[in-house]
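Look at the two complexes coming up: subunit A is in both, with subunit B in one and subunit C in the other.
After this line comes the complex of A and B, so read on.
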């Protein structure tokens, strides 16, 4: 520990004296195989969930090749094992830090922001150096990068200069001295390594964050990432910090269960984080500037024929697990009453899991990964729309009705069932 | 030529209840364990989802989850004078297949046997005199007592989330429980299931008749539950699709619901599915197993070396595996010598079918183990003096399903079996049918046994298991007695038609009766009269343990799974705490 602290002091000293950190990197002075640094890097790489995107389905961990669907085309993740030719074994710590903080590759080429450097730029340099030290301990895997499926002119990387000018603010995280250490630790993780906003902040037409709607909920790959703001109906307003911690640690809580991309986050990342870090993230999420309350729409009345049809579908198909009052079974079958996902404006997740089914994360502390079966063969678009309209407006819920056309459109865009780890 | 795999500490044949419980315990002890399972991988969310699970035609009639006779079947004859013939479609019993085994398709009855059941031979000899039993009856003591097994019963009930009401906690009788049960260290982990109209009527009537009704112990979770492994169960929805079906609601106890979520996460455990063990291999001395040889779906043979071999298949398959591998001496009914194949037994049914008028039983609201029982005529809970038989049955009115195809077979006496008149009475009998049914003991006999068939072989050229079995006078008398008791209760319940049923003159392999085949590799304290010792360890090959109902010296008037689970956990304890320290016979003969 003493050694790690002294390294930190050296790095800090260099920065204060205006010395070029590029020329005198911490790693050049440090033992790259220092146990404390590597272990710290392992934890931080886990907190950043690097493995999730940098592993192809069925592929070797961290060897890249997973296709990331963007509205502009598919981008394949690179190999970040220490293979010197196809991975990042030949990268210096500075090159690695530059990629994380500035979105530039080994030779200065611009990286696509599907790689969430707009978040990683907030991560402290010595944390990034530790991650690189950890990655250097992995088995090198020879795995060539796959060509991206981006159309012209997006395949010209210099186009990213403009994107960076518009949407990228480089710079390490600055703690808010008015807030607690815990809040600042949570903010550092949420805004930085954990890159929650990559999914939970809505994007503009060019794929940049809508800066006025940070963590207000987004849609990607036909999954709805819910609003992490304080809204009672569509956000985390009804969740306590303990609820958030339990969700991130176990993949479920009394109200909900992580599935789809969030199941991956819990499986690979948050279940392995310390209770203190999870609590810090929860405190930050609950205390940060509240997003403006979204006015609740008037619920569709129960006597509406669509609601009646939806109730019948619900009773026949859903009530065994989610129970007739919608409240489910705590930690096994999610509570639909008051659920943010159920009442979100975007209904991608709702349609998706009714049509394709899904499976909750199976974690160390909650080892059963309960399944939601697929109803694609059983419910047509009209029935699915009626069902979703019903659950969005029953038991005190209120949200816009879902139309058969919406269901049809989303059903048509679903390609494959998302893997749950 | 078999290809050789890297050695493991333990190889398990079959990944059902016993295999998964032992694998969990032994991986916790740090051992490298591989299970080899003949059938497919099956899991709740992928194979038993609630959208497809309640499909009676697929699972209940066409037996989707069960072993195909083309893969392995049995031959049967009534006595040694006959030529046995193969069973070409499952009838009297249906055998599970795949990960989870019978733990997937069972109803969930989670019984403990009576204290006297474990010391049956000495108990009956003491109470009625050594000469009271029929000359060819071959009942045995188990080599353990109820108290030896109690901690493992308790452990299994808590792992599997049993719902019930205790009758005897540490010797204190508990109101509303079974007063005949042995003392338990604590109550069930979950309260009993809710009653339905016929089960409540049975309990009320039985109590009015002076009997002692109690809810049947159920492996159907009455409430949400988290077991000691940290695995969550959902509350039973009373959908009535347990027997022959997987459970999509994480409510029926099964390896999938209660053990595998933890076991499959362990790096020192692996399973090879769709892989059939051909035989256990032994070293040149013949006293030590070296592993198993199995074959995969492409026909490739593999040798899996291991220090310990656990035979955890279905009971009958355990016996066949021992015979095929030359472990222990085959039983010879002529001389009465030999141990493997000895003391095969089954289950016997004495019952009364009930048809009421004007009821609305709504039998579709059911659960596999939902029922009210009495144990007043089970085992030796009643005086057998002058009755001309030994044994008895747990007597139950259950509400375990309202499956439309099966239920449409219920007919009023004299009602037509087809046509519009049949259709008309189906809707009435559906709502008005019930039964009082005995789950009866079968004791073992010198001439009823298992061996390898001399004629019929499986697709690998291995002999099939031959069953030589027929009903004996003792069980016929017993089931007639039980049927009479059932009928008396049924009449008192107010049924209009009461139809007593007992076992026929000869065992018939066609109608479904029970999948509770027991014995053949029985436990005991005498290596001349048992195949395994009290820890289920082979007397002959000390690193082979044979776990399952194959160890029962005779069958009691209960379903077997609670006792099978407890025996598996007891064997696991013995391996962890005794055998690993000093590999060798745990009991000196």
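After this line comes the complex of A and C, so read on.
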């Protein structure tokens, strides 16, 4: 980024001092790069949130080394700074495009789909070349890739040929001529660079997307990525396009706040995107599929002893912030009434947040990251389950009760200690 | 200036010097428990699972008092707060256990007090405690003196073995400072025990006293709850939610 900025400064300086455009373009061409492309590449790399996975906790940006937890083992991200030996400095633009669109490395080796090439395959070649041009302006960092923690036979990359045959459909994005330009721009971003489905589309046993459940909500690293469909109870049905834009731009809206992995996405990526692109994504998400009426379960009755205990826990621990009516305080404490995460079938996020606490993303426009404290020191599994059953079935909410065994099992799997940005 | 001690050893200068020294010690080493102020900029630090939970009492006998001392303290708190139809006695509410843990902890060791000379007898209360003894030492010395006093005046019986009426008489005398206790005055000791007994009766149950929130139920204190927005417009009506301890209440568990 520093080099991109300094290039910008040089370009500006030349322009201001009346330096001839010819001289400028000679400089740029000699470098194999031009400023407009680099700036576009920087924006697209931000939209793709490359930095989030390709930076180790406390490490140099883009130098890789972050462990991505997959159900099959840990996979460490590679260095994508332009270091020629340990990064991608020696890669040609074509090699880079092939990795993004086809999941193959510089020497043709197959890449693990923890790298979301099944999404990046939709990105236009021009855009990918721009991203490479931007990455080439970064300071090269020497950092060897860490060996992955994958068991046999998954450590043999040729096993991925079968995976690609089953779950990978290569090909650039094809706009739908029947839809607006805005819708298509949103679709291009959501399905491509933003790779929303990497978390929000449920995965099958082999880690492939369930193609009939695109963006229907998934679980990743003991976080629930909610349904982005139109369902009123568990999806985005209750959110307007303005709500979605505000959430992606500021990390919160009147209903919710981004925390966990989504806080990272907002912090590193979406808060830096243009309002037009955010609106396009929102329009696409709202128009993508008509609201399917998912039948709501019958709420657990208020006189159930578990609900009564949950109410008692809620009154004593939660209502000071989330208010006794569950509606919280807009843009500060999330609204639990009508919340998709609260009513989702998967309760990983709920258990995690009660046990460990969480913090909302702190963004340029909303620089305070309100935090929720951990409650594991005072609530046992039975009490936590009662509380979650209560918030899932109070105030008009309806969702399956949570059991103490579920809480115990999820609590036991919480290993991630990375802090929200 | 009427309250200033008349001791020629304490000039204004030494007073200032010792205050400065205390400030220096405080700034250099922080408090004995290691809690220091920190400068924060940007966001408030947060990490998953971060909490500073209180340390609930572990019921494992007496940590500071000897068996004899514990009997005496129980006998005192039982008379300071007698049990009746409304609630348990100070003893049954766990006040003696509370005081035992208090004395075993930083309060008993006077860890937050400046405990160096000069100590001035008969200083105005404005100058704070003037004893060289920590609260724990005060209990040790005064309980021994109390026992000696009772044995001398009540037929060889220690305080704990006196009938309730006699114990009240002894306590009433101590309140007036009548018995002459060797080492630590009977009146300051009475005040100390009374203060600690009230603390035990009304502190959170996790510290050993206020068993089953008995003290809070008596005065209608709701405990560690911090949202009253639903009740603020109905302050003339009774508040019906039961009190809650820092570690919860029975109602948090289904079926209880």
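Definition applied: the second predicted complex is superposed on the first by the 386 of 421 C-alpha atoms of A that agree within 3 Å, B and C clash if a C-alpha of one lies under 4 Å from a C-alpha of the other, contacts with A are read in each partner's own complex, and residues count from 1 in each chain.
Convention: contacts are C-beta pairs under 8 Å (C-beta built on N, C-alpha and C of every residue); 3 or more make two chains touch, one makes a residue touch a chain.
All values derive from a computational prediction rather than experimental measurement.
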Fit or clash between subunit C and subunit B when superposed on subunit A: clash
First, second, both or neither for A:330, with subunit B first and subunit C second: first
Contacts of A:238 with subunit B and subunit C, given as first, second, both or neither: neither
Partner chain(s) touched by A:356 [first = subunit B, second = subunit C, both, neither]: second
Subunit B versus subunit C as contact partner of A:61, first or second or both or neither: neither
Contacts of A:73 with subunit B and subunit C, given as first, second, both or neither: neither
Comparing the two partners subunit B and subunit C, which touches a greater set of residues in subunit A: C
Which of subunit B and subunit C A:89 touches, first, second, both or neither: neither
Partner chain(s) touched by A:365 [first = subunit B, second = subunit C, both, neither]: first
First (subunit B), second (subunit C), both or neither touched by A:386: second
First, second, both or neither for A:308, with subunit B first and subunit C second: second
Stretch in clash, subunit B with subunit C, out of 24-32, 78-86 or 384-392: 78-86
Where subunit A meets both subunit C and subunit B, residue numbers: 320, 357, 359, 362, 367-369, 371, 373-375, 378
Residues on subunit B engaged by subunit A in the complex (per definition of touch): 44-46, 49-52, 224, 229-235, 237, 239, 248-250, 257, 261-262, 265
Of subunit A, residues touching subunit C in the complex: 305-306, 308-309, 312-313, 315-316, 319-320, 323-324, 355-359, 362, 367-369, 371, 373-379, 382-383, 386, 414, 416-420
Residues on subunit A engaged by subunit B in the complex (per definition of touch): 317, 320-321, 329-333, 357, 359, 362, 364-375, 378
Of all residues in subunit C, those that touch subunit A in their complex: 43-44, 46-51, 53, 224-227, 229-230, 241, 244, 246-249, 251-256
